[in-house]
Amino acid sequence: MIFGSGILKGMLVTLKNFTSSYFKGPDEGGLFTVQYPEKRLPEKENFRNFPFLVFDNTPDNLRCVACDICAKECPPKCIYIVREFDKEGRPLKRPATFDIDLTVCMNCGFCEEACPFDAIYMDHDFEIANADRHDKLLYHKDDLLKSNEYFRKIRPTNASAVDARRHEAEEKKKAAAAAVAAKAAAPKPTPPAAPNSPAA
Amino acid sequence: MDQIFVTLKSGILDQLGRFLPDWALVVHSVLISITAIAILGPVTMMYLTLLERKVVGRMQNRPGPNRVGKWGVLQPIADGIKMLTKEDIVPLRADGVLHFLAPVLIVMPALLVFAVIPFGRNMTPVNLNIGFLYFIAVSSTSAIPIFMASWGSRNKYALLGGMRVIAQMISYEVPMVLAAVPVLMLTGSLSTNDIVTAQSGWGGLQWFALTPWGFAGFIIFFLCGVAECNRSPFDLAEAESEIIAGFHTEYSGMKFALFYMAEFMNSFTVSAICTTLFLGGWQGPGFLPSWLWFFLKTYSLIFVMIWFRGTLPRFRIDQLMGLAWKLLLPMTLANILIAGFWHFTHGWIKIAGSIALVIASYEGLVRLNQRYTPEKRVYTFAE
Amino acid sequence: MIIPLEHYLIFGAVLFTIGIYGILVRRNIIGILISIEMILNAVNVNLVAFSRSTSASPETGQIFAIFVIALAAAAAVVGLALVLALFRVRKTVLTDEITLLKW
Amino acid sequence: MIHYTPYIPLFPFIAFVINILFGRYVRKGAALISIAASLAACAVALPAIAYVVHHGAYSVQTEWLLLGKKTLSFGVLLDPLGCVLLFVVTLIGTLIQVYSAGYMHDDAHFSRFFAYVSLFMAAMLTLVIANNYLLFFMAWEVMGLCSYLLIGFWSEKNSAADAGRKAFLTTRVGDIGFFIGIMTLFAGAGTLNFADLGHAAHLMENTPLLTAAALLIFCGTVGKSAQFPLHVWLPDAMEGPTPVSALIHAATMVAAGVFLIARSFPLFEAAPDAMQTVAVIGTMTAFMAAFIALSATDIKKVLAYSTISQLGYMVAALGLGGFAAGTFHLMTHAFFKALLFLGAGSVIHGCHTQDLREMGGLFGKMKHTAATFVLASLAIAGVPPLSGFWSKDEILAAAYTAHNPVIYWTLALTALMTSFYMFRLVFMAFFGKPRNPKIHAHESPAVMTVPLWLLAIGAVLAGIPGSPFMHHWFQNFLAGGVHAGGHAAGHGSEHVIIPFVVATSLAAAFGGIISAWFLYLKNPGLPAIISRVFRPLYTASLNKLWFDEIYTILFIRPFGAMSRALYRIDEQVIDYLVNKTGLATARTSRIKGWIDKHIVDGLVNLTGWTVQLASALVRLLQTGYLQHYVLIAFLGTIVLFFIELRK
Amino acid sequence: MISEMQTGIQIGIYLVMALSVFAALAAVNLPNIFHAALAFIGTLLGIAGIFISLRADFLALAHILIYVGAVMTLVIFAIMLTQRLSDPNVRQHNNLSAPAFLGGLAFLTLMAKLIYTTPWPVKAAGTVPHVSVMDLGQALMTTYVFPFEVISVVLISALLGAIVIAKKDPL
């Protein structure tokens, strides 16, 4: 065993890498770099990046009720919410302002954990680089709003679960409402029809 | 094809000779050589950076830079533009003059060494009869600018890095020169041209590196050269994990680029001198022009340097010094004797004896450097 | 000899005098060592100039210059080692602060 | 090939150098190196022996030293006598080294062991081919060193280290005698060459000087061959590794003493008194050692005393003028004793004990070892036609023809005892029932048993060349050696078979075997009864005739007492004087001190004060600044320069 | 053509001399010892140039190799290892400058007088043979072999002495 043969062995390893990078595919020890802007790896469903606000059907119909829980929960305090009021000064269940400072946000995902209204979720969008960090990275409500279809597209598993839950809750609510209605119409002798009506 | 550059130069001089006085022609002849070198040096450096990044990338299964231009060929130019436009930062209490002078001066020896390199047949810029000594002397002065940089930055990491560089350069210069001594002994000349001519046998393949002593000398010279230009694995003067960037910690922009340039030109010149001394210089079978042979050999040595960098981890300081003083230096001394043995013996005993001596001295030195741990004694028949 | 011998000698004398001046006025021992090296260099200039112009065997002057260089290197090595040893003990390298043996 | 004879010792020596210097690297290869060197020596030696057999003695020499007008030469003599030893040493040495490779396999200092063995081989071969006493003596001393090193090889055992020291110091006594003898001989005859001995002996015939020289040289034999009274080291030497015991302390080195007498035979022939002493001492040793061996229980000790006894036999034979008989016995003994020791080593290797009383019934477990051991025992007991019979018979015949009935009957008795104790050993170890159930004996590896069988062949056949079947070829061959022509005729009687002697010898051999069988196999209770009946004799034998104790009383105690007395003188007389002198000095110096302090110091102080006063003025020039001095010197130079230029 | 080039070379030599003297003055006068050392390196390079003008190429390069590459590196090492040197509050010159300057001036005038009054036995240009490296080597190995060996012994002992002196813990 000659002194220095270990070095030669190591050098052969790198030489093999060097040559195989030209002649071999990514799975056989060749290059495995993906040329990013042109080619992309498929996104993983569990990828979590900056948050967005979910709306149903139309942008006006957003789920957020401006409860401020997420803003309180946010560790770096990057969420800023102002409740909307109607003309009489009564509070409405929707935010007038919903700002997230993405330069401050640290992608912890506590907001989506905390939100009881399924209104805020973590996004997959990571290409947000910008030349103007002061204005362009302070996302306002309009920048944050994304449809439920988008949510369903990027995170199908979570979205279907959420949708099922919401649907169920809605059913229950409707049933309750129907029950209330039925109670209200108690004199009327048509109680058995009440439970069936929503299903129909 | 072989003499294309020589012909080009004399053609230009002929054209100039029509309207210039004789003394001006001499000046122009010098100027043309200088210009060629002054272009070759930086361009070499620029493309060495690209080569290094590509090769190291490939060794790590990455493609390396490939965005600027096809295969990234314009990357060095882009880098150059970036360097030039970068802010030049001078520390508040730095020694202004030295801080400014160091990067300028460090390029000088690196460029000056190009003067004695035989790039091809009849293509030595200046054919000094003490060319090798010139190389040694000039490259030894590069310690001073490094001192200036480390001192002028007024930064303790810079100072530590400078000290390490100097200690390393002084230590490795000794085995480097001694490793070249057998070549000078057998050639009987210090001129780089003569050394190349002495290796012209066997159709341009009688390289000194193909003899036992030459092989040992070649390995030692090349290792010392790698250490002289502070490249991995001897780059602990620039050990990021310990002392940031060593002596050029406080440099940015073009000044930093100059240090970088000097380092790459040094690795080029070391490879070139190594080629000249041991690999036959521009000698080679005739199907390629001489300068192409030269550049092929030089670049393959540079490739080996990059290969080292892609493979080996950094030395510890005591290992570095131990290697130079305990292994390389005695090995070079033994090598000188072996070269003498080679010169004064004949026949098979010359070859076999030299090979055996090289291997024996190497093994012996390695054994001597090993620490002895006695075996534990076992008693069989004693109670 | 492209320029006259006297000019080389004058150059040597000037360097020599500057060296003497340096020895006299420097407080720093390393500065004094540098000045001594300068004096030796002035002598070398003279030796080489003479060997080029007058001597019968022209290599003598150069060989003496080589010897002088070697001796200067040895002197510098020992001198600097002394300076380091001194600095370790006295924490100074200024000549007038080294008063260990003075009564 | 014969011309390469001087290089024979070189091979083992090279092996020694390699093993001792590079032992760390060659490790287990040490055995290979040593064995290869021995084989090379064999390869050179055997053709050389063949040459001597066909063409007579070979010798070559160069001048070495010039002492006054006498020259000392340096060279090689290979005569028939040397050939015998050369044959024995190379052959047995090689076999024993092969055996040691197996025996020492697990030892941490494997390479060192083989280095020593090789050095020993080199020295022994040098001794064999030496042509003069000085070279002989040098090799002899190196052998002594090797013996010391190898006995004390396991030096971490105190007993081994002590045994080594004891062997070295004891043989040293004999060696000094030997060296004085050499010098005496040189002073008397002016030559040390063996070839000139006959002439020298003739010159000094019947002078006291010759007798003295012969006796002093015999001292060397007494030390080296463990003869009475210096035999005490050999039993202790058994502390060394068993192959060493076989090679050095049975076959070769101890035989060197016998060889020395054989070499010096012309001297002894010319000094009948010395001859007589040799014969008596040899006989005494033979008998005494055999007597001690009767009661020894350690297997190696039995063999050690047997060795001493057999060496005594050889010495006695030489002393009786049986030159060929002694040498013949030397050769046969080398084979069977080496075999016995190796067999003992194999037994120890298998049983991990040396005590005979714990062995028994090993025959079934160690077939090869036991078979070869029994063969060797038959040979040493003198059962025909094995080798021991022929050589022992020769010796007895020599005693018989010398008309010395005392010696003859003593030797015959010794032969009886020899066969008795050997078969006591055999029966105790290999036959009967196992005495200690804890011992699980196993056969040794082939690398050990193969040498055993080879040696067994030697032990069986070595006697044939000296037997009537080959017309006493061996004796004739020897006779053609040192005593060229004339002397050989004087020993013609050796070549005749004397029926009476043969009968005695056979009776002794079979009597011993049968009585051993009777006592140790048939009636195992009898020996205890016999030992009780003959209590004084048994105790004497068991305590080795109290030799160690006698030496302690005679030499060691008086020496210690003398040292203590001298120490007391040193302590009380000399120290007292020294102390008194010191006190006296102290007293006188107190007076001088007063003078010094008040008168001398006063003067000195006065001088100092004056100087101080004067220098206070001059000191103004002395600033202590280096550069001030340099400036002054520089200005002075300028002034001188100026003056010089003004001229 | 020859004369034109010669004039150019002469001007070059005088320029190098002037620069060397200037650097030498800087080396003794600069308050920062590190700058002084660097200025002295300038002087050394100038002297190497003067050697080349005297056609002593080997000597010039050996000079650079030993002085710039080794001795000055060592000096700078020593400067860095001894602190307080770059402290501007430490006065680097003593109060001897005036007498030293006057003495030096006197010495220089005397030297100049001496140099110009001595009739140097100068040989004509071109008659002094060129000294090649081989000549030097041969002279070193024959005529001057004894001093050469003595010098090597001196170097070794200086090396050992330096190690012993500068070693921190006693040997």
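Which chain is which? They are A, B, C, D and E, in the order written, and residues in each are numbered from 1.
We adopt the following convention: a contact is a pair of C-beta atoms (placed from the backbone, for glycine too) under 8 Å apart; a residue touches a chain by one contact, two chains touch by 3 or more.
Everything numeric in this text was worked out from a predicted model, so none of it was measured.
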State the smallest step count from chain D to chain E, taking one step as a move to a touching chain.
1
By label, the chains that touch chain B as well as chain E are D
Per-chain Cα mean versus the mean over all protein Cα atoms: which chain has them closest together?
B
Counting C-beta pairs in contact, which comes out ahead: C-D or A-B?
A-B
If you average the CA atoms of chain B and of chain D, how many Å lie between those two points?
66
Provide the C-alpha centroid distance between chain A and chain E, rounded to the nearest whole angstrom.
77
Centroid spacing, where centroids are CA-atom means, of chain A and chain C in whole angstrom:
79
Rounded to the nearest whole Å, what is the centre-to-centre distance of chain A and chain D, using the mean of the C-alpha atoms as each centre?
98
So chain E residues touching two or more other chains come to 58, 62, 70, 77, 94, 96, 99-100, 103, 107
Strictly by the criterion at the top, what is the full list of touching chain pairs?
A-B, B-D, B-E, C-D, C-E, D-E
In the complex, go through chain B and note every residue touching chain D.
372, 375-383
Parts of chain A lying in touch with chain B, wherever the complex brings them together:
2-3, 7, 10-11, 13-15, 17-18, 21-22, 29-33
Where on chain B is chain E touching in the complex?
21-23, 26, 95, 97-98, 128-130, 133-134, 136-138, 140-141, 143-144, 147-148, 151, 159, 163, 166, 170, 173, 190
Residue ranges of chain C touching chain E (in the complex, touch as defined):
1-3, 5-11, 13-22, 24-28, 30-31, 33-35, 37-38, 41, 44-45, 48-49, 51-54, 57-60, 62-63, 65-67, 69-78, 80-85, 87-88, 92-96
Footprint of chain D on chain C - complex, ascending
20, 23-25, 95-96, 99, 102
